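In what follows, structures are represented as C-alpha cells.
Both complexes below contain subunit A, partnered by subunit B and then by subunit C.
After this line comes the complex of A and B, so read on.
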C-alpha cells in the first residue's frame, strides 16, 4: 500500500463546463498527441487499421441522454479523465509505490519505472480513469500535463494542460482548486460546480459545472412576452407604416 | 509503504523547432504549430496568433499527425492494369505519368476542349484550378459546392452580398441572442465552437433549430426539433409575426435595403415586376421630402417605405408593400404552419417576441462616427443584437435556396445585418451580386474559354446555353433546370457523361472528390457508370484521371492516378481571390508550406497537385503557363503563388508585396521573398479594418475606401440589400413568355413558382414525387466534429472515436417497431435499400432518422483491414438517394436538386424501415478493391523523440 500526502500545498485540477461542452473530442485527441510524445511511454494503439482498434486514451468524452418527464430529451457530453482525488484509492492500493500523489500540487501520477502493470489501481478507481497500455504494460493516466504546466521551455500562457489549451469552446478550465480566490474556484462557486460521485468518498479535485436549465421557451406561461398586433389598427399594416414613418 | 515521490523533469524540451502552417484536416483552415523533433513531426497544436483559431484546435487538427503518417498515403503515380474498379495498378514514374496525361489532353484541347470535364472537389485552390481550366478552354469546370452549400452561398450573395461561414460571422462579442439553423457540425468548425463558448461565458441564450440535438444543438438553451425541410416555413411564420406587430427596423429598411424601391406594377409590361430605374439604371424610390421618384443613392434622399407611384394609369408599389402583403397572409400564421414544422404555434410566437425584444429593446449604440454612401455622417452605429448562423441543414433541400433567402430576409427586417451585435461580413465580402462575374461557357478549339466558368446570372441572357438552346456544360449548370447554379453541379457530371447528355466527353479529370463513394448520390449507379462499356468494348467514359493523396475509393476507378502530397508536405495559399480566412475585423490570408518533404522511400514519390497542374499547363502550352520562348512560366505552385498576377499588383497573396518604397500590402509587385516572409510571420497575413469602418460595411465609405486600398475591389461599390431579388424575376418573366431566350414548356410552371423574387416556401420536391404515406420518415446525415468525410476516416486515432455509424432512431420509431440494442433495420427509399445497425436516440425529431456521414468505407480502401468495422458495419445513406427524382410518368428526367441552384437535395430523403435479422454485414456490400498501398500496421506507438 502507498501513502497519500497528508495535505498538498495546492490542489491543481480541471473544471469542466457541461453547459458548454459540445462533445467535439478536441481534448481527447490533443491529450493523446501530447502524451504520446511526452510523459513516459507513448500511448499505443493496437490493431489501429483493423477490426478492433483499441488504443490508450487518458481522456475520453462520453455522451448521455437525459429524458425529462416533460419536454424534449437532452444530450450531455461528459469528458472524463483522472480527477486527481484527495483521497485517491488508486494510490493507496498500489503495491509498489508507483502510483503517487504529489505533495506540492496534488497531481496523481504513475512512476512508470516502478509500475508492474498489476492493474490494481484501475480496479480501485471508481471513475474508470486509468488505462493499461497494452504495448508497454504500464498504467497510464492523466498527468494534468505536469510536463507542460511548469515547463520553462513553453511560453507562460501555454503552461496549461493540452486539453485546456486546445478546447475550442472554452469548456475546460485549469487552476488551483485549493485556493478559494482562484478563477477556477470562483467559477465553481458561481456555477454550482459539482463533485463526480461524491458518495465514493474520494474527494475529487476536478469539478463539473452542470448544464444550465434547457428549453425554457417550452416552460413559459401563457403570459410570456407576446407581440401585440398593429395591423388591426385603422388602415391595417400600411396605416401603421405611415404613422410609424411619421415618428422616425 | 512510505510515501515516495520520484524526481521529475517538469521542463523537458518540447521540440527542436516549431513550424507554423495551415491545417487541412477540414475546410476550416486553422493555424497550426507543428512541433518537429529530429526532422519529424512530433506534435501539432493550434497557433495562438492565428486569426481563425487563436490557439485552439479540434480533434481532427490534433490528429493530423496520424493523417501525415497514414498507411493509406499514395506513393507513386499509378497506371491502371486491371479492369476499372478493381484497384489493380502499376506504379510508374512521374515523366511517364505526365506524358500519358499530356497525350490524352493535348488532342482534346486542339479539337474539342469541352471533352475534358475537370472537377476539383474539395479544392481550396479554386482561383488557381479555374484559371488552369479557363486556359485549357473547357467550359466544364467546377468544384464541389453544388452538393455542399451552393444554396446558402447563392441565396446570400443574391440577397445581402454574402452568406455565412467564409462570407461572414455573428458578432460573437456583442450579440445578445443567437439562433443557429441546420448546421452540420463542422462549418465553420472552430470559430463556431469558440463563438458559442464566448456566448456561454456571457450567458447569451442560444436557440438551436435542427431535427437532431447533437453538438451545438445539445448545448443550445432552447432546441427546436423541426421537421426537415420546413425551416423556410418556420422562418416565414416568424416574419409574419414581426410584420403583424410592426416589429421591423423601418429606418434600416428605408436606408439600406430595397424595401422602398418601386416595383413595376404594369401587368401588361414586359418589365412587370422589375424595379423601376432611371436612365442611368439606378433603381428608384419615392423621396419622402419631395414625393418624387428619385435614385436610391442620391445624396439627401429619404426613401419612403409607404408611398406608391402613380404613373400612366398604373400604380407602382415599393417592395415593402409586396412583402407585407405576402407574409401577412394567414397561410404563414403560426397556427397554419405549426403542424407541418412540428413546432407549437405558441413557441413560434414566443421566439418571434424574443427576437423582437432583443433586437429593439436591447439595442446597442457604439460611439463610432461614420459616413454613408449618400454622404450622410452618423455620430453612432446602432446595433440590433440578434444574430443567426446556418449551413447545410437548411441548404441541402430542394427548397433550400428560398429558405436561405427567407433567413436573410428575417435578418434584414430585424435590422441585424452588418450592425453591432448582428451578422458581420468578412472581407472581401460584402460584395454585391453585380460585382461578381457572370458564367462563361464559349469554348473553341485551341483557345482559352471566354471568361470565368462560374458566376451569378442576372437573367436568362447569362445562361450557359449553346445557340441551339442545349446546355453548354456537361453538368447542365446555368440552364433552365437550375439557372443560378453558381457552383456548378459536380454531382451530375458522371451521370450526364455516362448518358452522353448533353454530349459525350473524352476525359474526366478529378481532384479530391470521392465520387465512387461518399461524394455521390446513387453510389452503386455511379460505380456502374464509371465501369460501363460501349458496343466496342471501350469504357463509356473513355478516360479518367484522378488526383488524391490517399487510397480513397475513387482511386480504383481511375486510369491514371496522380498522387498528391499530404497537407504538411505542400505549398498552398488560402487567398483573398478564393475562399479566404478573413475575420469580420480583418482581411487575412495564409499559406501552407512543406514543413516536411514528401518522402516515399522506395517509390517514385508524390507531388502537390497544383504543381503538377503548372507542369501539365506548360506541357500543353496553355496561355498563362508558358513563356514566349516555350519554357514553363511556373516551376511549381510556390512559384505561381509568388509571381502570378491576376491583374497588375494583385496576386494570390496580399501580404508583403513589393511597393514603390519597400514592402507593402494588398497592391504591389511580386516579392520573391514573399513565402519566406509569410513563414517568418507564422504562415498568415492580417490587415485590420479601422474601427470606424468595421460595421455597416456595404454603406460605410470608410470601409469601401479601405477595401479599395487593399485591392479587394477597384472602386467603391456600396449597394443596398435585395429583399426583392430582381434576377429571379427576370427568369419568371421569361417563363411568362417575355424575351428572346425562352425556357422549354415543361419547365415554365416550375420557374414561375420557384424563382420568386420574394422568398417562398414549398414542400421538398421529393415529397411530391414520393408517396409520403409509404415513406413517412425523414433520413439525414451529419458530419461528426471529429471526422471529416473521406479525408479522415482512416485516421488511426479518429477512427477509435467514430469507427461505426449506426442509424439513430427516435423513441417513437424505436418503440413502434420494437427495436432492441444490437438490432438491424432494412431501410428503403423509392430508390434503394440498405440493411444497417440501429441505435436509439431520444433527442431527435420523432419522424427523423440519421447517421454519421461517410464513416462507411469500401473494403480495400484507405489501407484498412477488410474486416474493419467501417467496411462491415459502416454504411452510406447515399445508396438511398438518387441524382434524379422518381419517374413521374412524363418521360422526363427531373433532377433531385433545388430548381434555382441545382444544389443536390440530400436532405429531402424519405424512407421507411422495418426490423431485419442481422445480415452479418451492412448491405449493400461491394467486392473489395485491391489496395495499391497494402494495409496498415498492426501496432502503433508513435513517438518521435526519445
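After this line comes the complex of A and C, so read on.
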C-alpha cells in the first residue's frame, strides 16, 4: 500500500558523520557487492569496461568544497543513499503499490515484482536515492540491507547494513532513531545531527553530522615573515633587465 | 528533466484528444451518424493513442494493470481510472450518436467532466512534485486544462470558443513561463540546504560520485537545449496560439482549419518539450547543477 503509516514502531536508519568520512568509497563498493547478489534484481552495469561506464548504485559519495568567509577551504565527503523519510514522497506517488514503507521499522522498500518502471518515484525523491536499473527496468533503492539486519545466519556483528559494516573510518552508524535512548539518537543529539533539504517536508530518518569547526590557523600570518623578500631592489642581470624594461 | 518523446507525445496528443471528447460530450458540434463517427474516431485515436504512447517509457508495460490499484494516494493511478472512465462513458455517447442518431445530454456532460478530470489528473502528476519547483504550482493544472479546452475547441470546429480559449491559454502559458523562471530560486532549496553545509561557508561541488553520468543525471539533470529556450518559446507561442487564431479569423476553409490544427499541435509539442527540458530537479543541486 502506498499510504504511509501514521507512525512506525521503530525508525531504523543511518547516521553519517561528515566530519569523519574520508571519501574512500568503501561503502559504495560494499553496498554494490552485497546488493547485487541479494535482495531483488542485480545492480547492473552498462559498458563497465568501455569508455562510458555507467551502472546502478544505491549509495554514492559526492565531494564538496566549503569556503568559509575567512579561513581555509574545507573538503567534505558526502555519502548519499535513501534517507527512509517519514513522509516519503516516493511512496505515495507509486501507482502500483510496489513502493511501501514498513510500519514495523520504517524501512522504505520496492516490491520489484509489482514495479512497472514508470520512474515517477525517482522524480519525487529530492535526494536522488532511487535509480532505475537499465537492464531490469525496475526501480532499485537502498533496503537498509533488510536481508542482513534480521539475518540470523550471519554472526551478530554482521547484522548491520553492508556500508556500515565496511566503513574503515567509523563514519556510518546504524540504529533506531525513533528511540531517544539509542546510541544513534544520542549521537545525533550530541553532534547536532541535521536533515537534508528540510524545506522539502520529507522528514528524513537518516541524519547527517556536520563537520566539526576547524581550528582557526591563520596560515598567512604564521608563514609571512619567512617569505619576506630578501632584497627589495634586484641587482645584477635581473636588476638591469628590470630597469631597462622600466624605461621602455 | 529528460524530455522523453513518448511522454511529450502522450501529454500533447491525449490532451487535445480528451479536449475534443469533452466538446463532443457537450454536443458541440451536435453531430450524429457518419460525421459523428469521424469526430469520435479522431478523438479516440488521439486520446487512446496518447495513452498507448505513454506506456512506451515503462520498464515493465506488461504490469500496467497494477497502476489501477493505488488511487488513494497516486495521481498516476487516478489518471488511469479517470481516463478509462472517460473513454468508456464517451464510447456510449459516441455509439448513441453514430448508430442510433441519439444524444443523451446528461451522459455527455458526465463524459465531458471525466475528460477534464483526466487532463487534471495528468497535470497533477507533475504539479504535485515539490522536487521540480517549476512544475509545483496550481498554474500547471490551469495550463493543461486551458490547453485541452482550447485545442479541443479548435478540433471540434468551434471557432467562437477557440478564439476566446486560445488567447486565454496563451496568456496562462506566458504567466507559467515567467513564474517558472524564478521557481527554483523561490523554492528555498539550494546547495546549502541540500548539503546542510551552508552554515560553514559557500558550498561548491568538488567531485561527482562517479567519472561518468548515471541514471539520475540522464533523467533529471537535463541541460541540452536550454540555450534555445527563448526561441522555442516564441515558436511555441506563434504556432500554438497566434497562427491558429489568425487562420480562424479568415473565411473558413477545410485547408485553413487543418493548418490551424497542425500548427496548434506543433506549438503545443514545442511547449511540452520545454516543459520537460527547462524543468530543474533539485537533485541537480547535489551535482552542482540546477
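Definition applied: the second predicted complex is superposed on the first by the 216 of 248 C-alpha atoms of A that agree within 3 Å, B and C clash if a C-alpha of one lies under 4 Å from a C-alpha of the other, contacts with A are read in each partner's own complex, and residues count from 1 in each chain.
We take it that contacts are C-beta pairs under 8 Å (C-beta built on N, C-alpha and C of every residue); 3 or more make two chains touch, one makes a residue touch a chain.
Please read these numbers as outputs of a predicted model, since none were measured by experiment.
> With both complexes overlaid on chain A, does A:196 touch subunit B (first), subunit C (second), both or neither?
Second partner only.
> Should A:138 be classified as contacting the first partner (subunit B), the second (subunit C), both, or neither?
second
> In the superposed arrangement, does A:187 touch subunit B (first), subunit C (second), both or neither?
neither
> Just to be sure I read the superposition right, which of the two partners does A:170 touch: subunit B = first, subunit C = second, or both, or neither?
Only subunit B; A:170 stays clear of subunit C.
> Have a look at where A:111 lands relative to subunit B and subunit C in the superposition and call it first, second, both or neither.
Touch partner of A:111: subunit B, not subunit C.
> Kindly classify A:45 by the partners it touches after superposition: subunit B alone (first), subunit C alone (second), both, or neither?
The first partner, subunit B, only.
> Mind working out whether A:245 is in touch with subunit B, subunit C, both or neither, as first, second, both or neither?
first
> Tell me which partner touches more residues of subunit A in the superposed arrangement, subunit B or subunit C.
Per-residue touch count on subunit A favours B.
> State which residues of subunit A lie in both footprints, the one left by subunit B and the one left by subunit C.
1-3, 28, 53-55, 57, 65, 67, 73-76, 95-97, 114, 136, 211
> Mind pulling up the subunit C residues that touch subunit A in the complex?
By the definition above, subunit C touches subunit A via 1, 57-61, 63-64, 66-70, 72-77, 80, 125, 128-132, 187-189, 191, 193-197, 199-216, 219-220, 281-283, 286-287.
> Along subunit B, where are the residues that touch subunit A in the complex?
Against subunit A, subunit B makes touches at 1-6, 8-14, 35, 37, 42-46, 48, 53, 55-63, 65, 71, 189-190, 193-194, 196-198, 200-201, 207, 213-216, 218-223, 225, 241-247, 250-251, 254, 288, 304-306, 320-321, 324, 328, 346-347, 349-354, 356-357, 785-786, 794, 796-801, 803, 811, 841-844, 863-865, 867-869, 872, 935-945.
> Looking at the complex, which residues from subunit A come into contact with subunit B?
1-5, 17, 19-26, 28-30, 32-34, 36-38, 41-51, 53-55, 57, 65, 67, 72-77, 95-97, 100, 102-103, 109, 111, 113-114, 135-136, 146-147, 149-154, 157-158, 162, 165-171, 211-212, 214-218, 220, 222, 224-231, 237-238, 240-242, 244-245, 248
> Can you name the residues of subunit A that touch subunit C in the complex?
For subunit A paired with subunit C, touching residues are 1-3, 18, 28, 52-57, 60-69, 73-76, 78, 80, 89, 91-98, 114-120, 122-128, 131-132, 134, 136-138, 194-201, 208, 210-211.
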